[in-house]
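Questions regarding the structure given below will be posed in turn.
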Amino acid sequence: MKLTQKDLLGIKDLSVEEINLILDTAESFIEVSTREIKKVPTLRGKTVINLFLEASTRTRTSFEIAGKRLSADTINISSSTSSIVKGETLIDTAKNLEAMNPDIIVIRHSAAGAPHILAKTVKQSVINAGDGAHEHPTQALLDLMTIRSKKGQIAGLQVAICGDIAHSRVARSNIYALTKMGASVTVAGPATMMPRYIEQMGVKACCKLEDAIVDADIIMMLRIQLERQTEHIFPSLREYSTYFGLNRKNITLAKDDVLIMHPGPVNRGIELAPDIADAPFSIILDQVTNGVAVRMALLYLLTGGN
Amino acid sequence: MKLLLKAGRVIDPSQNIDALMDIAIQDAKIVQIGPNLSEGQTNGRKGPSSKTKTIDLTGRVVVPGLIDMHTHLREPGFEYKETIETGSLAAAAGGFTSIACMPNTQPVNDNRSITEFIKRKAALAGRVHVYPIAAITIESAGRSLTDFRDLQDAGAIGFSDDGKSVLNSALMRRALEYASSIDMPVICHCEDPQLSAGGSMNEGFVSTELGLAPIPAMAEDVMTARDIIIAEYTRTAVHIAHVSTAGSVEFIRSAKKRGVKVTAETAPHYFTLTDDSLRDFNTFYKVNPPLRTKEDLEAVKEGLRDGTVDVIASDHAPHAVTDKDVEFEFAASGMIGLETSLALSLKLVDDGILTLPQLIQKMSFNPAKILKIPKGTLQVGVDADVTVIDREKIWTVDCHQFRSRSRNSPFHGRRMKGKAVMTIMGGEITYDESQNNA
Amino acid sequence: MANQKVVMDADGIDRSLTRIAYEIIEKNKGVESLILVGIRTGGVFLAQRLREKILKIEGVEIPMGILDITLYRDDVLKTQKKPLLGKTDMPSSLDNKKVILVDDVLFTGRTIRAAMDALIDFGRPKLIQLSVLVDRGHRELPIRADFVGKNLPSSLWEAVTVHLTEKTGRDEVVIEESV
């Protein structure tokens, strides 16, 4: 069993078999992170470059830890996209990195499709760590892993994804991932945050949070990006948190054993009431833990061979 | 120098001609058109004419020199993308004898000296008639009108702030009124920049999947509607550039029915490609207005068929590798089209959307009429601008063979049917496929 | 299939394991600090059986670990196709433990090399001993087993397969010519 492509650019390109392979492999990697010596020699002598051209702490750290626990040499390049635009083009950056013979390049970029340019330019495997509002495949995989380990299976679950769907790569990757695995997905958010024809992606869409979370097994809250207020996609934070925040009251609409997820970082008191974020049914930190395992699995599966 | 074009199928919509005929050319003019002309009888001159060159065009289609009323030659300012010379060579190779070039150069063509510069450079290149279109507003900034009459005197044949709309509706009204008073066309790029802000592709299911910031069809439609309203109110003519949406087609159709003096053009990519092409983030498909949906594509075709859309223009927009080899949202918009426009348009004939004479009309007579230039016809006495087409020629687009300085064509590698095999401008052969391949 | 030969049957396997269980106890003078670690997958079942036999003999349930050595293999990155990763489960630190590493077939020694590297990551064992059901020779590394069920001289083009009830439904060691 192997991944059929050299790169991981999006969930859309993955088959169910490939997703299962990644999740099964990741399960086995969980144990490595619990050891006293949290390191295996598998990627000894391999080089992983984390090219993060958009601010990120969590994902970059997660990839870095994943690489290090596999004994790879990990190099982080962090820069804002704007400085790259002014100077070197992405293709030149890619060619320079390629000339240093890394084995895997992980890229985070504010522009949708940037990892695809990289993948076409370099011979190394490219992992998309988030491109614009397009995809964030490793996030969706770690979400699947977390759901599977908590609920036993994914098929048949009711999952609500709530927030700024239009600008969310997490939403897109999770819609592909969850629908492929047989869950039914409802997305919710103000109409201003709902991209057109979203239902064609195989989900139900609604404009009231309450409608989406009724009988939900999983509620995935998205981070509201405060700077988007200038685009008039929500009137005020007060209005947003009142009508689209998850709290003790509206959560009772969901199933009794509902689990709350969030890709982080959480805006406490906006999309999630503080007591919800810390509640026992919140599995936000499990997501973070599983993130390392999923990224170890991907580095492992994508390295080596010709 | 005399030229006798023998035995081609001559199509000239301006005279309702579609028949096997000969065309005689002398001193850069068409001197005779009719069946079975002989070398000796050109325009009544007697005696054997040893200098007459006879070209057998059996099996070829002979049409008025094609006109592309919407191109970007990039000079002055962006000579690394295209020059007037390379653009002229590309035009001739694509079968065009006249082109109009948009003013979004650096500096903008908003004054006499730029217009004259373009005319001068074009004459030096000598491959195609180049008609400069001047800016409506100074620097195309949308604040104050350029010197319309001075520009007209310098050789500009129309006005446009192509690349953007004149946002100030009152200013747009004045532009249409003033241009109308001096019998000059105004060409409108219709786009509401706030509705399209930050966008890099059509808003639809594909943009939803790709997460690229979207440009809604209505960004084009509201401006098309506004410009029609202003033209209707002021009883002036307005020409809508590169129509890409079903909505715009419908606004234009109903306005024409009401008698508004609105004309419209579309570009081959809008009836050939859809936003589905963007799925692998290939920036060669990034163009403004953006590639739309299948429904829009069908509406544009229907608009061409029923006459709502008068003209096919290439919107030839050369960009260098450095402009395109970047992240999709940072990439320049536009694709080159001079050398693929005719073949892509001939597909409309193969598909039964247009007859061949209708197509030729949209690529010669109609643009000439809108631009008010004495072109697009094979009438005796006019400049001998003639395009010879091989309807059956199968060829594969190879962007490395382009005369254009740029390579940004998404049609590279596409198999085409039909090609201009000879272009004659003012009696001079400006392109000859057989020489090219020799 | 024509050249298949059964070299150990169910009784033979059981007798060998009983003898190995006694040998382990004898060599280690009891079961103090012992831990059995089975190498996935065949070694795991054999370790479980040895554990039961030791329980019968000594009345003591000794701890047992499961080791997946994939991540320590020296050939794991040679191809894009990766062996399916199994879970490792070590009950405790191996500090000062007497580790009995259990595998089904001892061949080149590379698996055992990987396993010993892995074990070291779980602490500093007092000693590591190796128990295998079959030693078929052809070592490529300086490794030998402390407890052997059967020495089976084989040629390189032969395949030795250990069938165990838990895995394939029968207990049998088979040698056959591989194609």
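A, B and C label the chains in the order they appear, each numbered from 1.
The definition used in the following text is that contacts are C-beta pairs under 8 Å (C-beta built on N, C-alpha and C of every residue); 3 or more make two chains touch, one makes a residue touch a chain.
Just so it is clear, the structure is predicted and the values come from calculations on it, not from any experiment.
Q: Of the other chains, whose C-alpha centre is the longest way from the centre of subunit A?
A: B
Q: Report the chain closest to the protein's overall CA mean, measuring from each chain's own CA mean.
A: Chain closest to the assembly's C-alpha mean: A.
Q: Take the average of all CA coordinates in subunit A, do the same for subunit B, and state the distance between these two points in whole angstrom.
A: 46
Q: When the centre of a chain is set as the mean of its C-alpha atoms, what distance in Å lies between subunit B and subunit C?
A: Computed value for the inter-centroid distance: 78 Å.
Q: Counting in whole Å, what is the centre-to-centre distance of subunit A and subunit C, each centre being its mean C-alpha position?
A: 40
Q: Going by the contact rule set out above, which residues of subunit A touch subunit B in the complex?
A: Residues 12, 85, 89-91, 109, 111-114, 116-117, 131-135, 166-167, 169, 172, 195-198, 200-201.
Q: Which part of subunit A faces subunit C closely enough to touch in the complex?
A: 1-3, 21, 24-25, 27-29, 31-32, 35-37, 39-43, 46, 70, 297, 300-301, 303-306
Q: Spell out the residues on subunit B that touch subunit A in their complex, using ranges where they run on.
A: By the definition above, subunit B touches subunit A via 203-205, 207-214, 280-281, 322, 325-330.
Q: Inside the complex, what are the residues of subunit C that reach subunit A?
A: Residue positions touching the partner: 68, 71-72, 76-82, 84-90, 93, 117-118, 121-123.
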